[in-house]
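What follows is a group of structures, each given as structure tokens.
Consider the two complexes below, in which subunit A is the common component and subunit B and subunit C are the respective partners.
Up next is the complex of A and B:
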């Protein structure tokens, strides 16, 4: 249970009456929610509830058919993923999406892409300001490597790593962009207990050390209850609950939709 | 050399800072980059830590518990403690709270310098039980931002207090260092004793420095050596190599980035001086062989061809035989194609001196590294001797000895076969445990607890723990573990238990290795249904008999042990298993339990029948038990007398 640190009350992201429709399927229907600066919010719901769609709308991968999205108070409804990333929103994917042939280090360095300035020629020659810049980025990436304890696989090619470590590398790459808001799509899917515990530790650590706001989709209820400050529950594209883990756990609508009746 | 201003480690470190200030004393891989610290920085850091401790009220004779992975800051904390006339007490970083609590409490450590949050958490709990612990100083602040305990202090803050303290007390550090004496206790090293509570061996500056000097001179170590500090700091060996000898000789100690990166870091550093226990040598070999087997067949064949060649050559060298001409001509080619690149890849291209110790090393393993031209030697020592007693000489290396005693070390074998030694490195006694000290120290001589013999070249050979050594009825020395290790060097033997104490001859209970014997049987189209079935095949008995005979023949070289050859053996119908309490979780045979459990089998070995019927209870992993019935064969093995004639 997270006890210390009080997340600020100012929203970093506001989703207002957002609907998304794919043909006849209403994936999201008039969903509104706020993500507050510095908190960890979990988005839960049964399969097909619209969790990933919501994340995709926030990251600019989908555009809502109706409604608005405000990031730091300004309307960001129709930005493209590239611009959203530049604003300070980074994400990881449900299915690991690393560059499999590249080393872990290079994969994480790609997370710095938006921070890199300079001409192609200087970069190619690795000279002058380009070299200085590269070293600075490398130093930052090394801090993340140290933080996530992946020193031993720094030079391993990403595709050959076990699944749990690939997930960790993906988190590292997202962190390399120094996001203000980090979106994690099922960061613990397919992990064993030990890997899950490590991941929880890292998520709490990121929130604590870097002050990053985190929104995550997760199915493992014990994880959700342990690490999140707030839980948002979706069902059939609608928001059915929003509150502290204990409140959501006790919510009858959520129990009916998702947690099952006999849940302790 | 040996003036009184160089009789403690802090004085020697100050000497290094004066004589070779810009020489690199320590390296640590941090954030992906090797950070170097010169001797002058080494001493400066230790000085700030010492002054910080002084500001907290550190008094002469106080103890500092040191816990964590090998980190420069922790080595500095040890030197800082010594500089103030205190005693560092390194603890194993993977100890559980209860173990730490015992040592912190027993050593009365007022201060602890630890690596990170993990250790802080443990020590905060320890502190609830032992209030003697006043300050916990940590190096890595990660995760500790919200800790509010008033006994916590970061190393940076400690140094800051040190800087302030220095302004008010100029010259304090130098005065305190000057007050140090050779016979002050330099470290209390707790031995992780297999029985009872750990004992704290007190070693003085004189103990450690003289031992380090003798070894440095004998092994011709210079200030240009590079050593890797990756084994636990609480282990006396690391203290001797990474701290003692480093300060005495002025060479560089390298701290790996993390425990998981040691092999990669080894490659980057290329140490010239290296220590590893047999298990690590084996891991490295396995990781190489797995990669070799993954390559294209032509490379694989090339590697295997040249490795076999190197092994033949090394065998000739070890036996002082001349190498056949063909091999001698091909060897340089192997160096070009295989040995050089392989050594380089292992990070062992620059090794001048490497040691193995702790357990018997398998001949295959030992020959592999030596055949690559890596100077691996065997070493014998223990905490109570300041880590070192015997080391093999360059060019005079044998498979099953630990070499002659180091200069200044006397070794004698008692009536009962126990090794005793006397040296400048002999410890001052166990801290607050005069009873144990009396039992171990005898007029300057130390009971090692090991049984050993000297071979005709003056090499010491450790054969067993002294209490396990027995005698046959005719008085012949019988060392079960020595025989068992020799049997276990065979890939077909997984475990062996020898009996013979108070008997007419030695016999052995052998566990075959299911994987390798199974493989061997398949290659011969020998069908089998189960472990029990395979173990009782006459062909398998023949296979193992050859191994037993090999062991018997090898015993001939030993005057004192040749009488204890294995005359009869049997193959056990089930594997010795920790679930059945026959071996410990760390795979050590529980001799007494096995002797009791298999008493009918053992009696049969000393009877005249050629088989015996047994029933055994086995426990499955889910807790169910079942009974296995089998007829176990008994088999005679050839033994040899004097000049190799059969009896």
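Up next is the complex of A and C:
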């Protein structure tokens, strides 16, 4: 399968024949896919299919044993995570990775670190351009806080928040970096129905308002069908389907992977 | 029985009240010694906060810094030039440690990093002696080890200078780590490596900054201790005194390292002077460890450490 719902869009990220191996385990095997500018792509698959590995390879936490990754047409297979972030790829983690000791506001401000410039001395004295810069970044962060509706908890310590809100703060931190590509690892895991609906709304809103390209891993199929423009299915480290939500849902390989198929 | 209680509880308190000037002198002496412990503990805290590594080599870094300074001065360099050069050397050391020790071990277990710092400990010890020799050296920073009197209280010039320097150093670091972008990045790294990487913080740069800062602290500690008791191998053993300070203050807290050091410094001096005669002296040698043991039993996170909460 290789049809897609929104033709005419240029790829922002290309994964070409990527394999990842950990010792004897082949986590990804010759996976190729494209993420196109402005779309929302869902990556689905049973547990252990290699979804998170794929995300880790794209964000530079793992390096592929074979294959290439192109971001905006440039080869960036072997970049490190912080270089990847500097290119404009932000991510969240399956098990929320917040700075638990810091306030929500400080957490989100760290997302702006790459955008900050200037002299440490001035920053230490909180004077002149440094103060102006800090205030500008604060203003931007406040916009994100408004957008994600977390005004009430901005001074709270991140580690003490309930899980659903932590996920939202993590999203806010990723957005603070103004990414071109946003990678979300199970943004709705462990949430109740209402929290899921909120998160869906935010993801669609980010895509709409900021034009951010989004790739997300999700297990809840109704969510996937609702918000994604395109779905990529993985199983045992291989890509088994790639197309519009309806096509992938109807795909026999995907159904077999999820329901199990008798090999009798 | 009553006499024993009398001797332990009442006698020393009577002595304290009876001679308040002397008590103040004892406390000042304790604070001065405590600040020295704090300085060494601060080096541990900086590195532990940023990388979760317990740097076994911190004590030897103090020795190494002092050796380098004295060595340069022996070869005719004036104090200021020698100090500047020593800073360069400690910076280069931080850079080398990041390259050779930390970078290849990234994402390894904490215990492996700890073992690596034990290796570093022995290397620095040997390297320092190889370059600068193993004789006891006198470090003269131009401040006499003598006292003057304020309101009837004796104050040691060297200790006072040490105290002011340490306070300044701590203030500068606090501002740097609280206010600047590097400081924010550093707190982020300390909190969660993965998340820090994902928002574009280069771990390697942060490590170099932190080890350099620990090196700077080592220089100051080395000068202060060296000027007091000479630059010699036993300087590296003051790291042992920093351990109870860390347990008291909490491994992750800069103010904790300062306050912990002061408490131990004052506590051991007072215990030695007022209770020492009852048990035949030498309380100073074990007081800190007993106090640390009590803390481990009742407040393992220390005075200022992050409370250990396990989400289940």
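Basically, the second predicted complex is superposed on the first by the 250 of 264 C-alpha atoms of A that agree within 3 Å, B and C clash if a C-alpha of one lies under 4 Å from a C-alpha of the other, contacts with A are read in each partner's own complex, and residues count from 1 in each chain.
Please note the rule applied: a residue touches a chain if its C-beta (ideal position, glycine included) is under 8 Å from a C-beta of that chain, and two chains touch if they have at least 3 such contacts.
Computed from a prediction, not measured in an experiment: that's the story for all the values here.
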item	value
Clash-or-fit label for the pair subunit B, subunit C on subunit A	fit
Contacts of A:82 with subunit B and subunit C, given as first, second, both or neither	second
Touched partner set for A:197, first subunit B, second subunit C, both or neither	neither
Subunit B versus subunit C as contact partner of A:154, first or second or both or neither	first
Superposition-derived comparison: subunit B or subunit C, residues of subunit A touched	C
Cα-centre angle that subunit B and subunit C span when viewed from subunit A, reported as a multiple of 10 degrees	90
Partner chain(s) touched by A:242 [first = subunit B, second = subunit C, both, neither]	neither
Which of subunit B and subunit C A:72 touches, first, second, both or neither	neither
Touched partner set for A:91, first subunit B, second subunit C, both or neither	second
Smallest separation in angstrom, by C-alpha atoms, between subunit B and subunit C in the superposition	15
List of subunit A residues in touch with subunit B within their complex	4-5, 138-139, 142-143, 145-147, 149, 151-152, 154-155, 205, 208-209
Of all residues in subunit A, those that touch subunit C in their complex	59, 61, 80-83, 85-86, 90-91, 93, 97-102, 106, 109-111, 113-114, 116, 120, 123-124, 126, 173-174, 177
Interface residues, subunit C side, partner subunit A - complex	175-176, 179-182, 184-185, 187-188, 191-192, 194-203, 306
Contacting residues of subunit B [partner subunit A, same complex]	30-33, 142-143, 145-146, 257-258, 260-261, 264
